[in-house]
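Each of the next two complexes has chain A plus one more chain, namely chain B in the first and chain C in the second.
== the complex of A and B ==
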């Protein structure tokens, strides 16, 4: 990937992105009785056998490792839904399909830890991998279509994907900006002023993270 | 006679020029027919309607040629015997392999099912005929007596006799009950030697009175069932010995095939042949199509064909006049039609599951009534069947209980069958729940003739780990709690009695499992609790055992059991009171017993939605008895109104119409259930079902208030409060510590008040002021009453605030009254007390006093007392209440404030009095007057 040319510029390592993705809520079915857990992020539980409850992914993984719960695979992680998404992603000129912001991380952790809880695990896994590949390819194509603009808008790009292209996109935009400057025929003062809008234009991508 | 040629189609390849014994069979509905050949490993199941177009289902389980086939009466099972010494059982028509039901040391030659399909007779080159119980594969009996390979077997239609024929030509007739030989006919049939392609065969007539055996003179000889004497012989155009015989379904015709390669059709009444068909090869097996005038044949080269309309249309069709009442032969599939099958399953179920007997046909009802009355019917069909059937009936009555059958059958709707709460119905080849509750579950699955029982606790950390168990009994009922699980199976005939088995999870001694056998009765429902196990049987007996297996009590219940459940010391039993009403309403009653104290805690009728059935009973987490019916209504039994059912949940009120709820448990506010997608009523075992929590929602009328959820909450909290207070009282009576419960009750009061306040607000919004006033009276805490006044004041409803103030005042008075009467012993109050005691009377007279009081501000005795009392009561609370009351700036509320204040003037006191007067007049017009006085 383009961003890998200079890995030091990349903001987060994949592990770090995964760490952040672990805050996503997943549904588990506990098989033990436990009082609610009170965390900074909120209270989770109480845990009653066979009654599903929502917990952060990291807690779910920790419980699963101890054999205290089973996962309920999220709705989107089904063969039907993923097949649909994959088909839609493969359509030429299509937009990115809505998937959880950290779908790669969630899927990865579930595949690692909750193998027995996902029906058609191998099918699901290969579908997720296909979707990821298709989306990365699309992302690269989109980067190729950069014009001399100061902002690029892409909806539904996931955490891992954004993380991959962020350094490249930033530098590319910087480069565009630099090359545009003589044509724009403006002073340094304007450069600074146009820098600000560009930073501001980065903002709209933020809300994605709240997905 | 016309000579038609029949085209044969190849089903099985027979190599070389050798002749192979091939078999052909129809199922009872003529939907499929089965062929096999002794030179082919496969069994073909052909589609009976279009055998040529659709390819046959091929069953390849044998290692050598298949020599014998048999279908059970209802065509649900297919048995095959082979040269490889095995007898295999398949499901039919799917052809799914079930089990290797038995093995011989030499090839099998013949198989036969008895009428009910419970017995399979198998015989061959081995010595002895094996009678195999098809349910568990056990060998019931081995009949020895033949000196050569047995090639022919046939059960008498009523199932009492088995006729067998060996290759030497000897016919033996066995009485199955005793295993005694009733008749021996030596050398009556041709000696076929050791040829495997020719077998001697014999057949009972469909009415069971005649046994047809190939004779020595190329004829068919008929023998009498009772005497064993030769009745007559059919002799005709057969040039060589007869090798196969088959009766038409109605017994009026018989088809025979001879070694001379021809098939003859005989008319029994005229005792002469009516048609014949020549074939290229010898026909070794024939079968009448059960519902039409057609005969299917198969020759020794494995080619089959169907001889259509063989009985001339001028004669009675072979399907007309099938003996209707007698139990039918079951191994001869040709003799069935559906009507008979129904009749059979009904009358011959002494060893089959008696579930069938709950749906008797109309015919049966009539007949049963006859039998119950012990009237010997004079219909000719009964002359030999009755004795047997009466006997079997008596046996059945020994095992089964219930109301007299004639009554049970007299209405259209049936009494509900017994069931185990938390069980799902058995399904072939699938795991089913024997028991599922909040604690854990017991599942069973059939596996190669045995059952495998697994016990799991939902809380895997805390519950004991229980190893899975191979179940040889075939348990269908189970119950589980913390200390152990109890299993039981229904009885399957005399050989397999109903067994009760208990497995404790932890015990200080090894080998503490125990089993009990029930002779002549059948366990219908089981339950267990702390230290006891209960089993309710078909004789309406409630057996109570200790955990160690000691038989502690035996109680006769007053009706057939529906279901039962246990929780700690409590056992709840539901029984039928009477037969189902013509309006399809079940009539049941319940009783809750305390096993430890040997007391009956509750009893009463079970409330059900009309037309529904009970589907679940259980105890809530707090121990209240609850039921769930098939219409989706959950009811909890409360002591309100002297013990009544409250419908706390109704599935129809729930928004998701597409789901059925399978109840597992409940607590005071919600229901634990498994949601099943609509057509499904029962959950699947895998994937492991998860519980859904549904809040109670009473089936309330849709009120004009538009606050349905609040009204729902209000009634529920009221109910809970009532129950808690009752428990507090109970515990106080038992001199136990009630502080925890009282705190709980207080919390409930608070939440109830919150709910009422919200209701008041919505009442005010919809201008239902009278309702608001009623709600105000229901508030239990003074603080919330003040909040209500504040609320209506803020909503700018001064007259309502006025009304509320008077209510509060009244309430405070009452409280004070109660408090003072309760404190009779308090000496400091002595002075006040004497006057307070006759306080209610002065209140009545206040109306007259008011004008006096207002005109002359001289406190009367009554008002003084009131003032002192009210103020005395409120003095302590005064400080706290100040904050609240400060908010209340309106004039009307101030007045109330002044009442509490001991320093207030008599004038204010009088306004208070006046207010009371107004209240009694229930006039709002008093408002301006009040304002003017302030």
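== the complex of A and C ==
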């Protein structure tokens, strides 16, 4: 994978994950007039005061820092919705609840730059933190259920969570694979090893290899 | 050969394995304190794995199980694999076992390794993400090299994530920007 800080353990740094999360679209309400912006990813705008428009998160943050817009917090980032999700996550044996793929990063950027645009900001923030902790625990339990090399299915895990467990899970699965493999071909190896000495006895003694 | 430059692989092959010589060998100094420089047939010697492996290929020796896979360790692993101090037995317990497996007559070693790893993985390693470093440091000295690598991988990603979450400098200044232009 290109762009990783440390390709050796195949881990994106959280900053890199955040950078990728900044491509998500958010809704802003501009307070200035501006022509449409033409990017490789698409055209955004035009910007008219009080007319909401969709822009990538990074652009929204840049505009916000200059005081040119206000955020419309996304639907899922409301106290009601988050309370529901948190309760569903806390159910024992429950699956991961559907959340935006980069919810951790979006929430973080919004809390950093758009405090005044989020209603019940402190409540929302602590809910997001709780949800993240519960999901991390759940993820850990799921990792514990690895039983050798089988397909592992986990739905709705977000980008940051995947990135957190990636090096660990990869190495663990590699180790499982290594230990499972010999068991699978035990029979095959038995025949091979019993055959080996016989062949060796028939042939004349091999001289040591010259080095 | 694929891992020729891998330091871990080299160290694994340095581990000693007891062998029995099938043929008398002349002109070798395996034991520096021996009176003669020859090894008799049937002699039991401890050789590093790389040497034992080559001699085994030439049918000169047969390899026995090293002490770290003895009956006592097996019983301990059966009792509670998560609490066995494998590092003091052999820091490369799993890899060494995997390398020995095709060469020894004992067929149970593969199952021993995989069950030991499964239990230890479940009990110890999956706790890494939420456990504090303090509780982890209690079992850290018991882990083999491979397990330590796993632990480090998880711990590293967790620390960088925590660092990111608590903030810090959001924008880093390129080192070249701070410098003043040289006066000429």
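The rule is short, and it goes like this: the second predicted complex is superposed on the first by the 175 of 211 C-alpha atoms of A that agree within 3 Å, B and C clash if a C-alpha of one lies under 4 Å from a C-alpha of the other, contacts with A are read in each partner's own complex, and residues count from 1 in each chain.
Everything below uses one rule, namely that contacts are C-beta pairs under 8 Å (C-beta built on N, C-alpha and C of every residue); 3 or more make two chains touch, one makes a residue touch a chain.
No experiment lies behind these values; they were computed from the predicted model shown.
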Partner chain(s) touched by A:22 [first = chain B, second = chain C, both, neither]: neither
Touching partner for A:49 - first (chain B), second (chain C), both, neither: first
Which of chain B and chain C A:89 touches, first, second, both or neither: neither
More chain A residues in contact - chain B or chain C: C
Partner chain(s) touched by A:178 [first = chain B, second = chain C, both, neither]: second
Contacts of A:31 with chain B and chain C, given as first, second, both or neither: first
Touching partner for A:67 - first (chain B), second (chain C), both, neither: first
Which of chain B and chain C A:14 touches, first, second, both or neither: second
Touch list for chain A against partner chain C, complex: 9, 11, 13-15, 18, 108, 112, 136-137, 139-141, 143-144, 146-148, 160, 163-168, 171-172, 175-176, 178-180, 182-183, 186, 189-190, 193, 197, 200, 206, 208
Parts of chain A lying in touch with chain B, wherever the complex brings them together: 29, 31-33, 49-52, 67-68, 70, 72, 119
Touching residues (chain side chain B, partner chain A) in the complex: 457-462, 672, 687-691, 693
Touching residues on chain C, where the partner in the complex is chain A: 58-59, 94, 98, 101-102, 107, 110-111, 113-114, 117-118, 121-122, 125-130, 146, 149-150, 153-154, 156-158, 160-161, 163-165, 167, 170
